[in-house]
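Look at the two complexes coming up: chain A is in both, with chain B in one and chain C in the other.
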Partner chain A sequence: MEILKTKGIAKHFDGVHAVDSLSIGFEKGKITGLIGPNGSGKSTLINLLTGVIKIDGGLVVVGNNEEIKRLLPHEIADYGITRTFQDVHLFEQMRVLDNVLVVLTKRNVFASLFETHKKFHLARAEEVLIKVGLWEKRNELAKNLSYGQRKLLEIGRVLAMQNGFGDDSDIFFFDEPFAGLFPEMRKIVISVIQDLKQKGKTVILVEHNMDIIRELCDHLIVLDSGKLLAEGLPQHVLSQKSVLEAYLGE
Partner chain B sequence: MEIISQLIVNSVIAGAIYSMVTLGFNLIYGTAQFFDLGYGVLTAVGGYAVFYFSKMLGLNIYLSIVLGVLIAGLIGFLIEKIVYERLRKQKASSMVYMVTALGVMTLLQAVISILFSSQFQVFPVTINANTYQILGGVITGVQLITLIISILIMFGLVLLLRFTKFGKAVKAVSDDVEVSKIVGIDTDSIISKVFFLGSAIAGLAGILVGFDTGIEPTMGFSLLLKGVIASIIGGIGNIYGGVLGSFLLGFIENFGIWKISGEWKDAISFAVLIIFLLFRPEGILRKK
Partner chain C sequence: MLAMSLNLVVGFTGLLSITQAAFYGIGAYVTAILLTSFGINFFLALIAGIIITGIISLAIGYVLSKFNGDYFALGSFGFNIIVYSIFLNWQSLTRGPLGIPGIAKPTLFGLDFSENNYFLILVIICAILVYFLSEFITKSSFGRVLKAIREDEKAIQVFGYNTLFFKLTIFVIGAMISSVAGAFYASYITYVDPTSFALSESIFILAVIILGGLANNKGAMIGAVCLVILPEILRFVGFPSDIAAQMRQVTYGLILVLLMLYRPQGLMGEYKL
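Now for the complex of A and B:
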């Protein structure tokens, strides 16, 4: 079943068709690799699907009923959709622990006004930070972390995110989570993604390293100039001539 | 010796009033990220609401105070909802915010003047007519209450920001609005609540000033300027910095006029502001 679909979704930046009436779907419980040369529209697609930028045309379908024309970023979380950014976005002036605790906030603000963080929130934050190897750094300010640690913290935050029912998120977008990471850190991210799959979560992974793509992905979607170039099983897609050409031709 | 004690008392009281204005101002500046020059007028809104309820309607003074605080908060909230939220949607430039805020201030001041005249007014009753001696200085009951309330607000705010989830969300919005949205925080809702809170604090400050010296429609502007100066001295956006800056400003002003006429007070405050802007624009506590 496709948990998230686009129908002719489009975005252009004065003249550049970054995403060009694209119709694709993401299978529930699978890891889908989203690949394509630089500038092919991968990050733009994620931005559209997470409400960070406005959709110019087309629709998004979440689950099997809701057709959405306009996504608001703060509502995305309620749909169970969460993401990391290619250029890491953190709460720089907040401690590592608070960067995770803040997403465990009830979204109804009146309910949260005098509510303090409960034991189970702290326990959840601890669990997540241990998973990404940052528990020791919990009292550091985010801005003082190294590049790799920042990426891991963002991934930790994504793991802590909750959907509108207060459960873990369902759909995870990772925009080049491995870029610039040391091998030990890569292992952590691989294990995070594999765990998510085990829990039946849907993962969309943007990545340029084809070894990682082969290792992790169940399905591949290849974009080129904002259009769908190829899609299917990784071993099939990666041997297609058009795909190779798109990569070599960049 | 006596004069020094009195100057200390005066400085502390001025600092207490400034710190309330500064706290609210900083809170709004932090989350909505603009210099809300219209903020000061909410002190007058609070003050005149109490004047209206207690003097014109003859309500109990404590009830009037509660209503005054709520009305100031509500008006701040409505201004945010009706005006600033739209500006944010349009991604307005800081110039547009500035002019709009000045417009809001002028409008509210004019409405107050039309309803109550621009004359200086006093409340019909006081909340504490006693005076107390502290180290040879005299402090009035109202001033003592002002001091206590400002300290309570300061600690209340620190606790709220530090320990509640609301506080975490406020910090998150102050840190990065875009990331806040993406992690599911309804930033507009947080900002409007901050406006309510900040405006209610301004209203309370205006009410206390009213009990101490009286009210006039333009009272907010000079309070706002002092709040802005205190914020900049202490480190804009930093709660502790704002409080520190407020008390420092209170002391500088009051000791500055020790040997000269009181008319110099504002000149001294602005001289301090200029010195800070030139030599330490990030303020005392702001980390670079």
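Now for the complex of A and C:
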């Protein structure tokens, strides 16, 4: 069953079609790899599906066939969608712990002013920070973390994330989460993604390392110039001549 | 009070607002007009000032929410000038440059605050209440979201926060607190005119919180104390009387430049601009 799909979704910048009438779907409970050469539209697609940029045409279908023409960034949490960014976006002058606690806050202005259940928030933040190996750094400012730690904190933040009804998120977009990580940190991220799959969550992974794609992904989508070039099982897709030519330059 | 109110907007939320003197002025004028023309109790006038300032700031905040960064600062700058021009030119209401004299001191249940000492106690009580209100806001989960907006609005939005509501709420709360300060100012001086609420006053309040420390409520109070006491200290330096006022401005400017160079977070600040 497809938990998220696009129907002819499009985005253009000054006449350049970054995403060109793209219709694809993401299977519930699976890890889907999203690959393609630089400028193929991977990050633009994620930005469209998370409301960060406006959709120029087409539809997004979430869950039970709810068709959406316009997604706003603050609405995606209610659909159970969360994401990391290609260029890490942390709350730099806040503590590591607060970077996680903030996404657990009630989203209504007045409810957040008089919020209770803070012990639950702390327990949850502790759980995810231990998972990504940053609990010892909880009182450091985010800006003082190393590049790899920053990536891990961003991943920890999406793990803590819940939808508007207090349930864990269902759809996780990871935009190049392994870039610039040491082997030990890679192991942590691999374990996080595998855990999510075990819990029945849907993961969409943008990644350039084909070994990781082969190891983790159940399904692979290849984009080129904003269009679908190929999709299917990773081992099949990665052996297709068109993919090798467009993406790997072979 | 003024510094703490601006610190909520600039220090905690990262909205570089240069319009706080306008809200301070609205509070002062509403109090002045209600006390001199209608003779109502100071505290009722104060509440009316808070409500009117809240409504006006909601409208201004909504318009300003369309801007970000430097454009927000420029827009807020423009609003201060508009409000100042209204004080100056709506003569049937504000008496324009003549100002409004004869503003009464507060009285409450037979207590008369005309004596300066009692007035001081009243203002200190209000300042303490504003401090605890600011602490409550900034230590709450709401306050944490404000800081996240300051750090990266795009990122906090994708976690489900409609940042417009959070920014508008704190902007209006900040304006309402400023209006309280304006009401006390009007009653203390017993006279208001537009020159007290010009752009330079907004810049002065900004200087106060940058000196004391952004995103720190105690820092805002310390900044206010430093910059209010500083002119008195400068009297002892012995500048010639014809340049003393200008030298005061030069000193403020110099302090700000030195702070930006060597301690951009201010004396007690937790956030660098």
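In this section, the second predicted complex is superposed on the first by the 245 of 250 C-alpha atoms of A that agree within 3 Å, B and C clash if a C-alpha of one lies under 4 Å from a C-alpha of the other, contacts with A are read in each partner's own complex, and residues count from 1 in each chain.
As a working rule, contacts are C-beta pairs under 8 Å (C-beta built on N, C-alpha and C of every residue); 3 or more make two chains touch, one makes a residue touch a chain.
Treat the numbers as computed from the prediction; the structure is a model and nothing was measured.
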After the alignment on chain A, I want to confirm one thing: do chain B and chain C clash, or do they fit together?
clash
Scan A:W135 for contacts with chain B and chain C and give back first, second, both or neither.
neither
Using the superposition described at the top, list the residues of chain A that contact chain B and also contact chain C.
50-52, 73-74, 76-78, 82-83, 89-94, 98, 101-103, 105-107, 109, 112-115, 157, 161
What part of chain C is in contact with chain A in the complex they form?
137, 140-142, 144-145, 147-148, 150-152, 154-163, 165-166, 169, 270-272
Sort out for me which residues of chain A touch chain C in the complex.
50-52, 73-78, 82-83, 85, 89-94, 98, 101-103, 105-107, 109, 112-115, 118, 157, 161, 163-164
Of chain B, residues touching chain A in the complex
163-166, 168-169, 171-172, 174-176, 178-187, 189-190, 193
Note: in the complex, chain A contacts chain B through residues 50-52, 72-74, 76-78, 82-83, 89-94, 98, 101-107, 109, 112-117, 157, 161-162
